[in-house]
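Everything on this sheet refers to the single structure shown next.
Here the chain labels run A, B, C and D in written order, and each chain numbers its own residues starting at 1.
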Amino acid sequence: MAKLKLQINGEEIETEAKEAALLLDVLREGLGLTGTKRGCETSHCGACTVSMDGMAVHSCVVLAARCEGKEITTVEGLSQNGELSELQRLFLKHGALQCGYCTPGMLMAATALLRRNPNPGLEEIKIGLDGNLCRCTGYTGIFEAIQACARGQ
Amino acid sequence: MRFEGNLLITRPVERVWEFLWDIEKMSRCIPGCQGVKTLVERVKYELSVKDNVGPITVQFAMLADVKKMEPFKRLEISLEGKDFKAGGVRQTMVLALIPKGNQTEIDFETNVNVFGRLGTLGYPFVKKKAEAVIQEFGEKVKSAIEANS
Amino acid sequence: MEEALSERQKYGSDAMPIAGGQSLLVLLRNKLVDPKILIDLERLAELHGLQRQANVISIGAMTTIFTLASSADVEKAAPLGQAAAKVGSTAIRNLGTIGGNVCHNELGADPPPSLLVLNAVAELRRKDGTRRVPLGEFFRSYFETVVAPEELLCRIEVPVLPNGAAGVYLKHAISSEDLAIAGVAVVIIPDGNKGGAAREVRIGLGGVASVPFRAAKAERTLAGAVLKDEAIREAAEIASSEADPMTDPHASADYRRKMVKVLVRRAIVAAKQQLERKSNGKA
Amino acid sequence: MQTNKHAKGRGFSSVGKPAPRIEGTRKVSGKALYTADTLLPDMIWGKVLRSPYPHARIVRIDSSRAKLQPGVMAVLTASDIPNVLTGRRLQDMPMLARDRVRFIGEKVAVVAAQDRDVAEEATQMIEVEYQELPAVFDPLVAITEGAPQLHAELKSYKGLPKLASSINNVYSHDQWRIGDVEQGFRDSDHVFEDTFTTQHVHQSYLEPHSSVLSIDKETGVVHVWVSNKAPYQTKQSLSDAIGVPAAKIVIHVSAIGGDFGGKGALMDLPLCYFLAQRTGRPVRMIMTYSEELMAGNPRHASVIVVKTGVKRDGALVARQVRAFWNGGAYGAMKPIPSVNLPGAVKATGAYRIPNVRIDSYAVYTNSVPCGHFRSPGLVQLAFAGESQMDMIAKSLHVDPLDLRLQNALRDGDPTPSEGKNGMVDVKCREVLESVADSANWKGFKKSPGVGRGLALSYRNVGIGDANARLSVGPDGIVSLLITYADTGTGAHTILCQMIAELLEIPLGQVKLEVGTTDCFRFEAGTGASRVTFVLGQAVLNAVDKLKALIRDWAAAMLGVSAQEIALEKGRLVSKRQRSRSLSLAQVAAAASASGEPLEVESYHEATETPAEGVFTACVAEVSVDTETGQVHLRELNTVHDVATILNPVGHQGQIDGGIIQGVGYALTEEMVMEDGRVVTLNLGEYKIPNIKDLSPLQTTLVRGNAGAAPFQSKEIGESAISQVAPAIANAVYDAVGVRIMDLPITAEKIFRALRDRNPEDDASSREVVPGIV
């Protein structure tokens, strides 16, 4: 076991984990941050997407130890003092979620995209979200939500 | 995974057959083979195999079982090995010797079955490796037989 | 760095370097590998950074695919940027590194064919020295390279293309984020004196043999030639005969070979059009 | 990505509005609790060892080494647990293989440990000696005499349906007849017979099967959290499996991360129980995605033979369909009594055909046991039937649209599913005309490599039963208690909209609570698009009861007769003296003060399938790269026959999602098998549509008359998928003239077909000589 000092959702967190522990396991098992979902565990589905220094990464293939000194944001960190973010609200409005299992990852990927590119075109949205699978919505509502969010900015 | 192919060896059937039972030489043709123990002459052998499949290292104690043989014609072997970490491999191999004048064609057909972890996420690795191994084996057998004589 | 190299020296393949980690950590999670120690390359400053020198771009092994796809310098090595943009998905490009990509040597990886046609050179370091290996000699077999257990890949040096040269990477896959069924990188270096003729045409193939490689025979037929459709077709035909693909769940060996023919032709034609646009641009 | 012409809810205040899903806020903020998010104190992991062989006798199992591993708390094999077979209907599947394994991935042993990796490690240390047996993978081989028999003891299984025939390895044979199909073929001018094959596909819900179980030490009550949409059926099956009375099992209905038909079986629950019993600890078992793809319960692969007799003028005279479902090693995953696929009854399509014969065979093979997946059976059969319709049109030199219009079902036409009285309010012609119009079918200018395809399908809403409990708190909040999970469809939101509508209160005044299986006796659970139809009716009935109860209270409080009380905007108003009125809150407060809180309960069972069908037509436009065979989907036009739409956002979401699943089924998804082994074992190898594959989708809704569901609505959940694959197959043919009869339509198949195309063979349907049948 090794000690870890992590920056998660703006908080300094100290915890213990195996040397080769994955960020996904530390978040879910260690810290009880179960908003980040366990999906394929092979870096294909994106259900475990979190933001690392503002970039979308699949936490199932990130060494927790490597996150020291980096800013990690999970879906739990999107709402500010109980207020949903604009993107979260628009996901609801446009039916960008159904079962909701891909949603935390989708939101993190979309947030990272909008941060890098506040006004993404159709193709840019497709590229920005190509690491996140959704089996329910056909992606249509997700598109609309992100476009609406971009327009709002 | 099924693989088949054939080798033309510039030696008569008798020489080839003889070589196949020269376990020492034969084992040196098996990629990653570190040694053989004869359990029952011409029936059961134990090979220790260590090989890399890309980043994956597998180490098997492999039991080779001679299922059928028709001298100078046909040989059926089953191989089974288990690596407690990665899983295991089970392979059947059929060699048919066809005389071509004083040369010999070996037609081989092998079916490789992997299980345990190798059988799941390791599968894409193993499949690619298996093809390479079988090719290498064939080439080594050919050159070994043609070399000594 | 020194420490990392000593560990490689000491433990050999039991000390596994971890770059982006996306391939290794999946194997690790499933206990398909269990190294004694993991060497986290991210902490090694020497492996980072992308510098544009006179005629070379020196790419640290830990440079992410995302950086390659978005770097202005890499545009001087056209096909590499195009290939980087086609790797996996956004999240994979964000974490994945060029060093990890070439060292894992997975069938159908996008960058290697481009690195080959750019005559890239890998810099390998061990405790007691450094050697430089052209990418053409770097790949050994599926998932295998010449990197020795005591070595680390530090940088890849990519000569920039001469002005007037053109490069294209084309990929055929079932869906865009997959590994390539066939990946083709082409560079054309025009013959300044003979208008319309190519001094050199380089063709790199990925996904269609145990290693990514240069279609040397096909290249020879086009060296110094005027790139007429017939010549291009013939070269494409030859290139596909140079491929030695395998069958997997996504494509048969035969289909892969046929796709080489199609993609090589299309890539050369596309590169040729680039040249024409450039010369028109000058005129 | 789409234009959408849905009309507004007809003068409703809540129903018909695009209300955001009520559980949405929890989902977008990561607070929704799925099974795997239930972290109980001292909980340990269970991991299974699976069979590497498709068919083998288990000679010996030695788990001593595994037991000695530090951290291992229990290792169980079949000899440690009751010898009970499980199944949703047909009980033919052991919880752990006893003497024999029948597919690669079958569970052989299970290990419990504090640490997941330790448990996984230990499974690798269990030594099992197998004696391999001859295996069979192809249903057409499995049904032959002399093929390996998978279940010699079939006759003794509980839940075995009545078999219409006795064929090797067939455990369900359903059949339907109209008229005399043989005579029909004799009366035909042309008879066509074609064979189509479809692949295994996985539901690919992103949440893998998860089970969490804990046994209360005092009471012995078994608490279960599970990704399962049929809690009562699951409770009963679990009870049968572990020998604990159902009364002592409580299932806590969790959020479900996608279902699509795949989340109804027991999966690892019994093993969780036995491990919990051994260790005294709560146990969780979460399948990895490799396990999902190897041993989930995917859509049946199939071989479908369609034989159709037509008159010279194109009139369909007879159609015979034989469907052979590759059921895999066990029938345990199928939920319906016939242990067959419900879509089979629609095998002859949405057509008026006087002579019909359908035979549907579920066949055992040594591959993964198959279950239900969105519109089970119909998806495969629509590909076969609608592909052949185009092939026939080609042979008769008529427009595929005209051939369909000519034979389209009408009110009262006998059908296998509805019988001799047929259906009412049939919108078959309308959806065809509408899609032709919205896609400008007749005006389409053909260009090289570009083509269009048309397909038609129909289905019915499922029947079943449901419970609802409705109460009003002193705060005036109306609470609905149910035990149906919302698998993502938005059903919960719709129910709240209905209540708000009928009580004339704002949606915000309605709360929905999902209870445990202790709340009610039994109900069918989610599936077959039944939720709104069945549970919605239960809720409507509950609302009526509640209204009556409230009226009585208000009448008493206002000292008037109940008839004088009107419900207006959530207030109880005296019709005579309109100044006198009470709020719901006042009434509820009074009621609860008197110790009789306002609470009603209702149970509803639908036993008759409604006579309204739901018709769907689709036009796909593709371009095909003739050098690579790559298909690019340019546009999809889809038309749905609807009635009242309860929530337009949710409704469109079902269409969008169903269609893209259809696209994956048509083009990229396949669980590739090698000798019964699934070799596409992760979501990189198994390719579901990515956002980059999204293509423009035009949806048009055709309004029918009343639907059978509440507020005259109709089902949508499953009707959007079936027509997609045949539309694309027909479009590919139109584009490049090759007919792919084997799904998925991969670039390589098209490439080969183009290369091997024989100019004489124009890829029209294979005609057999009439009379000789």
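Note that in this section a residue touches a chain if its C-beta (ideal position, glycine included) is under 8 Å from a C-beta of that chain, and two chains touch if they have at least 3 such contacts.
The shown structure was predicted, so the numbers you read here are calculated from the model rather than taken from an experiment.
Engineer: Touching both chain C and chain D: give me those chains, sorted by label.
Structural biologist: A, B
Engineer: So using the touch definition from the top, which pair is joined by more C-beta contacts, B-D or B-C?
Structural biologist: If we tally the C-beta pairs in contact for B-D and B-C, the bigger total goes to B-C.
Engineer: What is the distance in Å between the mean C-alpha positions of chain B and chain D?
Structural biologist: 47
Engineer: Take the average of all CA coordinates in chain B, do the same for chain C, and state the distance between these two points in whole angstrom.
Structural biologist: Averaging C-alpha atoms per chain gives centres 34 Å apart.
Engineer: Using CA atom averages as chain centres, what separation in Å is found between chain A and chain D?
Structural biologist: Chain centroid spacing, chain A to chain D, equals 29 Å.
Engineer: Return the residues of chain B touching two or more other chains; collapse runs of consecutive numbers into ranges.
Structural biologist: 85, 117, 120-121, 124, 127
Engineer: Residue numbers in chain D touching 2 or more other chains?
Structural biologist: 124, 679, 682, 684-685, 690, 692
Engineer: Provide the list of chain A residues touching at least two other chains, using ranges where the numbers run on.
Structural biologist: 41-42, 127, 129-130, 132
Engineer: Give the pairs of chains that touch; include all such pairs.
Structural biologist: All touching pairs, sorted by chain label, are A-C, A-D, B-C, B-D, C-D.
Engineer: Please give the residue numbers of chain A that touch chain C in the complex, ascending.
Structural biologist: 19-20, 22, 41-43, 46, 49, 55-58, 60-63, 65-66, 109, 113, 127-132
Engineer: Quick check: in the complex, which residue numbers of chain D touch chain A?
Structural biologist: Going by the criterion above, the answer is residues 1-2, 18, 20-21, 23-34, 36-37, 39, 203-208, 255-260, 286, 288-289, 487-490, 649-650, 652-653, 656-661, 682-684, 688, 690-692, 694, 697.
Engineer: Within the complex, which stretch of chain A touches chain D?
Structural biologist: Interface residues on chain A, with respect to chain D: 29, 32-42, 44-45, 47, 74-76, 78-79, 84, 88, 91-95, 97-104, 107, 125-127, 129-130, 132-144.
Engineer: Spell out the part of chain C that touches chain A in their complex, as residue ranges.
Structural biologist: Per the stated touch rule, the residues are 18, 20-22, 25-26, 28-29, 38, 40, 42, 66, 88-92, 94-95, 176-177.
Engineer: Inside the complex, what are the residues of chain D that reach chain B?
Structural biologist: 52, 124-125, 290, 294, 674-675, 677, 679, 681-682, 685
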